[in-house]
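Several structures are given next for inspection.
Both complexes shown next keep chain A, but they swap its partner, so chain B is in the first and chain C is in the second.
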Partner chain A sequence: MNEALRECAAMIGKELSHLWRARARVAGTAAFALATLLLFSFAGGMNADLLRHNAAGYLWVGLLLASTLSLGESFRVETEHNALEMLLLLPVRPAAIFVGKAVGNLVVLLLVGLLMIPLCVVLFDAAPREGVGKLALTVLLGTASISAPGTMHAALASRARGRDLLLPLLLFPLVVPCVIAAVQASRACFTGDAMGELSSWLAVLVGFCVVHWSLGALLFERVVED
Partner chain B sequence: MRRWEIWVGLLGLGMLVFGSYYGLVLAPREQYMGDVQRIMYVHVPTAWNTLLCFTASFVGAVGWLWTRSWKWDHLIESTIITGLVTGSLLAVQGAIWAKPTWGVWWTWDPRLTSVAVMVLSFLGILALRSFVDDPIKRATWSATAAVLAWVNIPFVYLCVRWMASLHQTQSTPKTVDPAMVFPLRVNAFAVLFIVIFFVATGWRIARELRKRELAE
Partner chain C sequence: MPPAIATTEVGRRFAGRWALRGASFEVAAGQTVLVQGPNGAGKTTLLRVLASALEPTVGAVLLHGQSAISQRARVGLLSHADGHYDDLSGVDNLLVAARLGRVTGGVDVVLERVGLSSRAGDLVRTYSAGMRKRLAFARLLLKAPDLVFLDEPYAALDTEGQLLVDALLAELRAGGATVMVSTHQVARVAPRCDAALVVENGRVTSAAPPAVTVGGNERVSRIPAPGGAP
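Presenting the complex of A and B:
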């Protein structure tokens, strides 16, 4: 058990150091997410009440669209010069490589998501009435729910033809429940949790995370083996 | 084509004609929805068999990942294609039923949304299969994606159900006139036999294609 944890920690460390060197990836993903937020404002009309009501939806659709760029990029660097094959030669479990990759993707998405919150406040006048802490927790669980299946499908798509097309095609239907739960939880944070539904939606996100992180760790070996 | 496949297909077709005639002509008229409800005699069997197809592809996926036997990959391919056809039919039938009943062609009801997400998920897997040239990688990757897509279905249903639902709750044989239950059961088996025919035929086609690929 300790051995497995050490391997996971080593892989997470490797991903984070790689992320630090490729800071432009985080900046690019954030810029893309911010651009989508602006576009949603124009597409949805200038009605202030409508924008405030839809802010949670804009936040998550923007984040999901941005995630395809970040997820795709995370495996593009591994497929170049056969880096993934080298990675598999390391004396670590494939599950640890999955955890490292998924945590790396989670960090990128979490940073972008947290950056989008103040922009939602400014652009849509959607101040989090339930407090920033609960909204940050929702963003953490929602991005964790996207990053696990996203990492699996990015691994699949990166080595197939038409990878840019395949990733959203495989990922978007799969994360529908996570988007629903994250939007509903964020809306409760923005507009007030009058019906006390926030905890139920967060529980759905936790359940989704548990299932997809477990399946990812279990099946990743099959995806990357030759 | 095997003889038993032809007989199963013909049996399904005959039962579908009989069950649909019984449902359209002999079964009583529903009290609130009127004749529109009669689409239930094909809609509900299509729904059951769509779910059955995608569940069979999940079984095939687990079978391939466990044993690496090609028969499971043939099952994945044939059940996904058949499930996509019945799933598309299901969506069209549902829209035809929804318009006069609810006043809209589409609504974000748990069962409608679950079917839409299920069809899109498995359509993505079919796209994945067409983008991978190596048969072993194709089988492994599509099996992995099929497991993830199938496990997701309860989450989709739960989430959309919590948001809102228009769909009527399921009837049981105890709450429905026996004259309505009979054609529904006949058509359920009819669609099942037709699905078995298509899955068996698809399975053999997939086997021949794989044989040719592996020989190259």
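Presenting the complex of A and C:
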């Protein structure tokens, strides 16, 4: 168990170190997500109520679209010079590689998601009535729910031709339940949790995380072994 | 004591085409084996299958009597694709390999050994092809494997670098490692080898003593591989 944790810690350290060196990737993903929010604000026109009501949806659609850039890039660096192959030849469990990659992707998506919150306030007049803490927790659970299956499917698509097209085609249908839960929880945060439904939607996200992080750790070896 | 490498009817297919098939041979521990053959013969596929970087479509590979995947900690592979991260420095690439490979220390030593100390802190994306190859050698030395697969180790290297590879081959041999080296520089490597495999059209067509240089030409005695493909 200690060895597994040590391997996970080493992989997470490698991912964070790489992220810091390649922080343009985070900046690029954030710029894309923020541009998406701007486009939604233009498309919504002058109807302030409509924009405020749909703010949660805009937030998660923007984040989901941006995630495909970030997830694809995270495996481009592994396949560019066959670095993944060299990783697999080291005495490290494939599950630890999965955890490292998924945590790296989670960090990127979480940073982008947290950056999007103030823009939602400015563009859609959607101040979080339930407090920033609950919205940040929703963003954390929602991005964790995207990053685990996203990492699996980015690994799956990374060796295929047309991988940029393949990744969203594989990922989007899979994360529909997570996106619905994240939108509903975020809407409760933005507009007020009058019906007390926030905790239920957060529980759905926790369940989604448990299932997909577990499945990823168990199945990653089958995905990356040639 | 089982052989260091034993293959049984190993084949690998890519997109419906057999890149390697019917490969059956054994290599005793501590031997250095030259793998030769024309471009596209299947040498790279053979080495990658032996190193467990590729799973064979058919057949089995045993390393020291165990499945190849279970022996990965003992395997070193120098491949065409060097496996480096462009956005990390040379030393950071080695530190990643050291941490994940449970190696403590030695990074500075291997960087010095391959002549990269002065550029160790630079991003790998600024390295020349020869420097990338040297860094790949450094990573291999850091792991200290006893099963080593070298695919065109002299490619992209200058004269000094080629002499370094000669010295590393001699070191590996002296250290008792089992080495398989694929190269077109047959005359250079053959004197350091105990045996040679010839690969043609995806088949291991012969196992032979190393090439004998006669009047500047390489000549290999053809001996059928034990249990090998016809």
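In this section, the second predicted complex is superposed on the first by the 226 of 226 C-alpha atoms of A that agree within 3 Å, B and C clash if a C-alpha of one lies under 4 Å from a C-alpha of the other, contacts with A are read in each partner's own complex, and residues count from 1 in each chain.
The rule we apply is simple: a contact is a pair of C-beta atoms (placed from the backbone, for glycine too) under 8 Å apart; a residue touches a chain by one contact, two chains touch by 3 or more.
Nothing here was measured: the structure is a model prediction, and the numbers come from that model.
Visitor: Compare chain B and chain C by how many residues of chain A each one touches, and report the one with more.
Guide: Looking at chain A, the partner in contact with more of its residues is B.
Visitor: Using the superposition on chain A described above, determine whether A:Leu90 touches chain B (first), chain C (second), both, or neither.
Guide: Touch status of A:Leu90: second partner only.
Visitor: State whether A:Ile180 touches chain B only (first), chain C only (second), both chains, or neither.
Guide: Once the two structures are laid over each other on A, A:Ile180 reaches chain B alone.
Visitor: Under the stated touch criterion, which partner chain does A:Met152 make contact with: chain B (first), chain C (second), both, or neither?
Guide: Only chain B is touched by A:Met152; chain C is not.
Visitor: After lining up the shared chain so the two structures overlap, which partner does A:Ser199 touch, if you call chain B first and chain C second: first, second, both or neither?
Guide: The answer is neither, since A:Ser199 touches no partner chain.
Visitor: Which partner does A:Asn82 contact after superposing on A: first (chain B), second (chain C), both, neither?
Guide: Touch partner of A:Asn82: chain C, not chain B.
Visitor: In the overlaid three-chain picture, which partner chain does A:Asn47 touch, first (chain B) or second (chain C), both, or neither?
Guide: neither
Visitor: Quick check on the superposed pair: does A:Leu169 touch chain B, chain C, both, or neither? Answer first, second, both or neither.
Guide: In the superposition, A:Leu169 contacts chain B only.
Visitor: Once the two structures are fitted together, what part of chain A is touched by chain B and by chain C alike?
Guide: On chain A, the residues that contact chain B in one structure and chain C in the other are 225.
Visitor: Please name which positions on chain C make contact with chain A in the complex.
Guide: Contacts found on chain C: 51-55, 72-73, 75-77, 79, 81-88, 92, 96-97, 99-102, 123, 139, 143.
Visitor: In their complex, what parts of chain A are in touch with chain C?
Guide: By the definition above, chain A touches chain C via 7, 10-11, 13-14, 17-18, 21-22, 77, 80-83, 85-92, 225-226.
Visitor: Would you pull the chain A residues touching chain B in the complex into a rising list?
Guide: 149, 152-153, 156-157, 159-162, 165-166, 169-170, 172-174, 176-178, 180-181, 184, 200-201, 204, 207-208, 211-212, 215, 219, 222-223, 225
Visitor: Quick one: which bits of chain B touch chain A in the complex? Just the residue numbers, please.
Guide: The touching residues are 65, 113, 117, 120-121, 123-125, 127-128, 131-133, 137, 140-141, 143-145, 147-149, 151-152, 155-156, 158-160, 162-163.
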